[in-house]
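Next up: some structures, all given as structure tokens.
Two complexes are shown next, each including chain A; its partner changes from chain B in the first to chain C in the second.
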Partner chain A sequence: MPGPVTRRDLLAQLGVTAAATFGASAAGIGFAGVARAQEKPKGTIPDKPFRIGHMTFFTGPGAVLGEPMHKGNLLAADEINAQGGLLGKRKIEVLKADEAAGTDANVKEMRRLKLSEKIDMFMGITSSGNTPALGPAAEELKLLTIFIDGCTDFLFDKAVPNPRYVFRVTNIQSADGSTCALAVAQTWPDVKKVAHIHPDYAYGRNCYDHFSIVSKKLIPRAQNVSEAWPKLFSTDFTSHITKTLAAKPDLLVTSVWGGDYISFYKQALQHGLFDKMKVATTLALGTAPHAIGKDHPEGVLAGVHANYHFSYPPGNRWPLNKTFVEKYKAKFNEYPNFQAEGAYTATHILRTAVEKANKLTGGWPDDDAIISQIEGMMIAGPGGYVYIRPDNHQGYKDAITGFSKNVPEYPFPILDPARIITIPIRNITAPPGWPKGEPTSTYTWIDQTWPTVKQA
Partner chain B sequence: MSTVPLTLQARSPMKALPWAVPVALLLFALPQAIDPYKTILLAYGLVMGIAALGFNLLLGYTGLLSFGHSAYFGVGAYAVALIFKYFHVRSMELFLLGAILASLVVSALFGFVCVRYTRIFFGILTLALSQVLWSLAFKFYPITGGTDGLRVPTPTLLGLPLDTAGDKILFLARNYYYYVLGFFFACVLVMWVIVNSPFGKALQAIRDNETRAEFVGIHIRRYRFVAFLVSGVFTGIAGALWVPLNGLTTPDILYWPFSGEIVFMTVLGGFRTFSGPIFGAVVFNYLKTSAVGFTTYWQALLGAILVFLVLALPGGIVGTVVQLFPMLKKRFSR
Partner chain C sequence: MDILVIHLFNALLYASVLFLIAGGLSLIYGVMRIVNLAHGNLYAFGAYVTAWVVGQALAGAHPVILYLLLPAGAFAAALLGAILEPTLLRPFYRRAEEYQLLVTFGLLMILEDLMRFFWGPYPLTATSLFEKMGSLKIGESVYPRYNLLVISIGVLAAGFLWAFVYKTRFGVVLRATSQDMRRASAMGVNVNRVYIQAFTIGCFMAGLGGAIVVPGQSAVLGMGVDALVLAFVVVVVGGLGSLEGALVGALIVGIVREFGVSVFPEVELAVLYLIAVVVLLVRPAGLFGRTA
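Showing the complex of A and B:
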């Protein structure tokens, strides 16, 4: 290993940038695919509707993430249907299914959608507890699937190591914990005592693992002083909050999300937790933006699943984002979250793949042709470029996080436009060809290839 | 002592044949007529039927309401998953053997504690003990995978080599369906023999009047304990058979709402009849699946059905049919 590296060097190597976002720049960046005029398809296309089964949380504490996902799917479907549908002929029909029915019922429901409702494609899923169950089920059913979230590394590391029909569009989960840790290392490099509160399931453990391995490399002096593992979809965090307070940490790291996070921050406010320590989260602003109130403290490292926040890229700097946010606001009278963006992009990935495949094969392309076009696709979505890696079918886009801030324009906190942190995704995820590892490939990759910084 | 109106009557197996044979033939023939998806659902229903049958030995025949049957179902399922995880075995028969042993041990342990009590105390104890197992499955992440659960690949049946290129859906809808059906028939038969045996009669005597039963010379606690064991093992078998259908085990099947579902299906079918729980399980399975597919308010729909059931059809589906049948017969014979 080369000589000692300073934190500043390593952060620079990893391309972690915190930059003030400037206002609207001149328009004129080329659109990469979304909402352009349709070319005439090759061959005859049936006019049978294209049915997408969309499963996400429509009930319970997960619904503040799930509902926007469905809406993103609907918005893209509307755009495509306004042009006559896929290839100008096949209108998209979206069928809803509730992910809150439980993992086992979800497997049944996926089978019902494919075998009974004859869906052409499956989309959705929020919880990383569900994709490892549904991924293999989709492969068994030979059902073309784009998971929007449920982004556990476990899915493509182990549950479906050689995916054929299954893709996933939002960032791989390890990026979330790593992004959070890098942001902490950059912003608060002097933290020494760290407390954790994570939901006790795949996502929480993944965030904990990757936060820990990255902080071991970048802030080696930081020590864990407390860990709390509430059950997913808890509503009472009092005991976890008091446990954390008793440990007197400098920093609390939490990956509690959705309705759980809302309950958590309201209860933490009552205990004055935010005044007593710095708080870093992975998913605080990942819910539907209006779900978080202005009582949410400012300056919290407010994660968006390392994926997307509607306020970035700002203004007209990335026109795709501007039009997406405007259309979404006009249709649903609210602002999109990262899952709305994911589902919107995924639907356009489908459209693009179908159009490309049609050019090659003529007529309505079969699943194999569509899959071959999704593999390796690079597409511009509202949040930036998304690359679908052909070997593991995972979508990659540059990671983003930031700090909560109240601004007069919005009735809820947004990411502080002056302090957005972005990280090139290839610098924080295991590259193609890296052997499968435990607990994740990215974990072993970071552990083995990143230097540990010298801390004064 | 509480008394439950006695409608469970001794019937000779011959009397059951006129309806049992057509139902059996129907179950055999159905996969040829309905699509694979509906066949798989039916297989789920039959598996839950075995669990409900086991459950009803306690509720309908012994008068003990267990709110913790998820424990034995979950133990059966986790036994399968752990056998695969640690021994890399893929034989369904070995899975079942392991599940029977595991559920026997756990129901012996739990039964030893629970049968000392009746009524609400019994219900609460079974509930509490099942929650202990749930939290173990939930928290012992390295062993049980926590809420991610454990995946179990397609098992081999009767030692026959696995057709790896085969279609999993067809496997479930054909080979596995008949495998489940075989076990279902065997379980129904065994349970029929049990409830119509002197042992079964003694259980019913205990249910109807504990004090009298004791005076007759029945060792109440021992009988209850054995009933508890049988009930647990039946539910454990159901848990093991359920795993290949679902493809993985998660702590959901150990959680108390799942115990509630077993109670629901038994009440739905009618716990005062032998066949009620079976019908209830099959119907509940269709009901829940279609409710989830039909509306995002599926919990409210199921809740409304349960309320309606308790108020309007306290005998359950089969119980009501059995009550109506003589009336209809009379009317039509006039």
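Showing the complex of A and C:
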């Protein structure tokens, strides 16, 4: 029998890396967004525009995530159209639809887009409340779909367990809570008393569950001393902050995001919360990187939805990111978030799949040919490699998080370039063939297969 | 002990803002018998205008000037109300209530889109006002001084409003119109003028609520609808059309919510509606409501 597993061993096994390293060459892997010599497509290609129905939040508080998603899609479409369109012939047209209409209306709108507007593809979606309804509808309509977000594990665990037409590009939700907990276990292994503030809906619950199960394995001595569940899109956290302070925790874990998070940290500052405890977040810098002020404390575990922050990979280390950020900044005068990166990558996944399918079949490939190319595709996006698993159509890229830091180059905090934490995604998500579980497959997988550490 | 004091402050803070919103809603209903569903977005409008004005003036302006700009949102909301009442609402007084609900609900959505059109999808903040005042030391804890300012404004507003309605001639006219519009009209009251004044005051209160909230929080899309729902909880508890009801309702909701967040975090959202359910079962017209 081997001895008890230490935290250090388990973190090493899971590949949790706290350094700004990035390896591997891109040989043989498709890549997004870099201009390259266009090969002549095989066969005759119609010049009919390729229509993408892009549904996301354009109104309401969710627009803070929806607008950048749409912009990422537009930027990629512009790049492709500048080369004549898909296969040099079919220009991409993006039709907008507002996700804020509500789940039932969204399903109707998806049908209308397919049947009346004759869209060739559906893209977008921010809310985890919408993908489980739209996924089955897309399958029924036989509508090629890449969800950008709506990242609930439930979509491919339960709602569409055997997807054919539906894909999703950003990391699944469980990765967020797990990444946060692993970063805490690595950085602050001595925390004893943990408080939680999460928005009271699917995402907040999911973060709480996965943070809890991972911390149970890696920091088993930590106790839960306070919970608060504010309403999503509320901007008043006074009571929740008072409750948290009263419990005197060492660490606060929060998945509050967007405008909510901005209000939260401003109020927490005035209540002196950041002086009294460590703070770990899942989406602090993820929503809109430029929306956080320099008054935000440094050294906060500042999550980016375990997906992407425009400052990483930095400089020219990953040229795709450099050009993406520059183009996006030039076109929209702001910095891209993970939604923008997701939509941009998804549009280039489409382009790559169409080009590959054309080489095999000639002419304009049908949906089946495109789908078979997306399944199992490994593509380099601005944030790194994305792998589309063929069994569940879910995109996987290495999870990332880091610590807030102010640098002179930006008028807002970014991830501390010296302390980026990356985790290979396969080590924190349920593998192919793992039985469906409650509340998520990843949760039961962690619960049943990860050892509980005995010592540091 | 200090935590208890802070809990109390939190409850008063919540109640102050809620009173401004629900008080305005109730005043408008009391006088005009119209349920103004757009009220929530007049609150949001006040928040956006203050955040925008403070943001514009921020570069190098003296802090005192910034604080003087705080009520800008209240005046803007009042002005908007003064325009909306005669143009959009007046033609519908003689129609069935459903029309008024449809019109004001439509207005709620139009205002939401206009705010998005002018100020974009991202949150608008005026946090410098919140930060400049710093925090007060209470025992071992600290508490934002700005929150105490909000509480004071809430208390002052309640006092002024009471004096206005019960101690001035205009208040008499207002109450008379509220009790019997036809008879007041027969006695020579210019009902149209009273309506526009009442509506403007109601909107001013909502706008003031938004204006004082925005430094500590932020102006975000959707805040109006949330505020509207909470205001309805308050008026259901207190009784629609009653200012005392709005005050007591806001205090009850503020205290119960603070208690709920601390003790029953899992059902924080449900607690407020449970109060409303209980009041509706026991006193359907609300604590201070007039039974028809």
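We take it that the second predicted complex is superposed on the first by the 435 of 456 C-alpha atoms of A that agree within 3 Å, B and C clash if a C-alpha of one lies under 4 Å from a C-alpha of the other, contacts with A are read in each partner's own complex, and residues count from 1 in each chain.
We take it that a contact is a pair of C-beta atoms (placed from the backbone, for glycine too) under 8 Å apart; a residue touches a chain by one contact, two chains touch by 3 or more.
Treat the numbers as computed from the prediction; the structure is a model and nothing was measured.
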{"item": "First (chain B), second (chain C), both or neither touched by A:P297", "value": "neither"}
{"item": "Partner chain in contact with A:D200 - chain B first, chain C second, else both or neither", "value": "both"}
{"item": "Which superposed partner A:G259 touches (first chain B, second chain C, both, neither)", "value": "second"}
{"item": "Touching partner for A:T59 - first (chain B), second (chain C), both, neither", "value": "both"}
{"item": "Touching partner for A:K231 - first (chain B), second (chain C), both, neither", "value": "both"}
{"item": "Partner chain(s) touched by A:L141 [first = chain B, second = chain C, both, neither]", "value": "first"}
{"item": "Residues of chain A at both interfaces, chain B in one complex, chain C in the other", "value": "58-59, 200, 231"}
{"item": "Footprint of chain A on chain B - complex, ascending", "value": "35-38, 40-41, 44, 138-139, 141, 146-149, 151, 167-169, 246-248, 250, 252-253, 288-289, 292-293, 296-299"}
{"item": "Chain A residues within the chain C interface of the complex", "value": "57-61, 63-64, 66-67, 200, 227-231, 233-236, 238-240, 242-243, 245-246, 258-259, 262-263, 266-267, 269-272, 288, 291, 293, 295"}
{"item": "Interfacial residue positions of chain C with respect to chain A in the complex", "value": "3, 6-7, 10, 13-14, 112-113, 116, 121-123, 125, 127, 130-131, 134-135, 141-144, 146-147, 213, 216-218, 220-223, 226, 257-258, 261-262, 265-266, 268-269"}
{"item": "Chain A - residues contacting chain B, complex", "value": "58-59, 96-98, 101-105, 107-109, 111-117, 129, 132-133, 136-137, 140-141, 152, 154, 159, 200-202, 205, 231-232"}
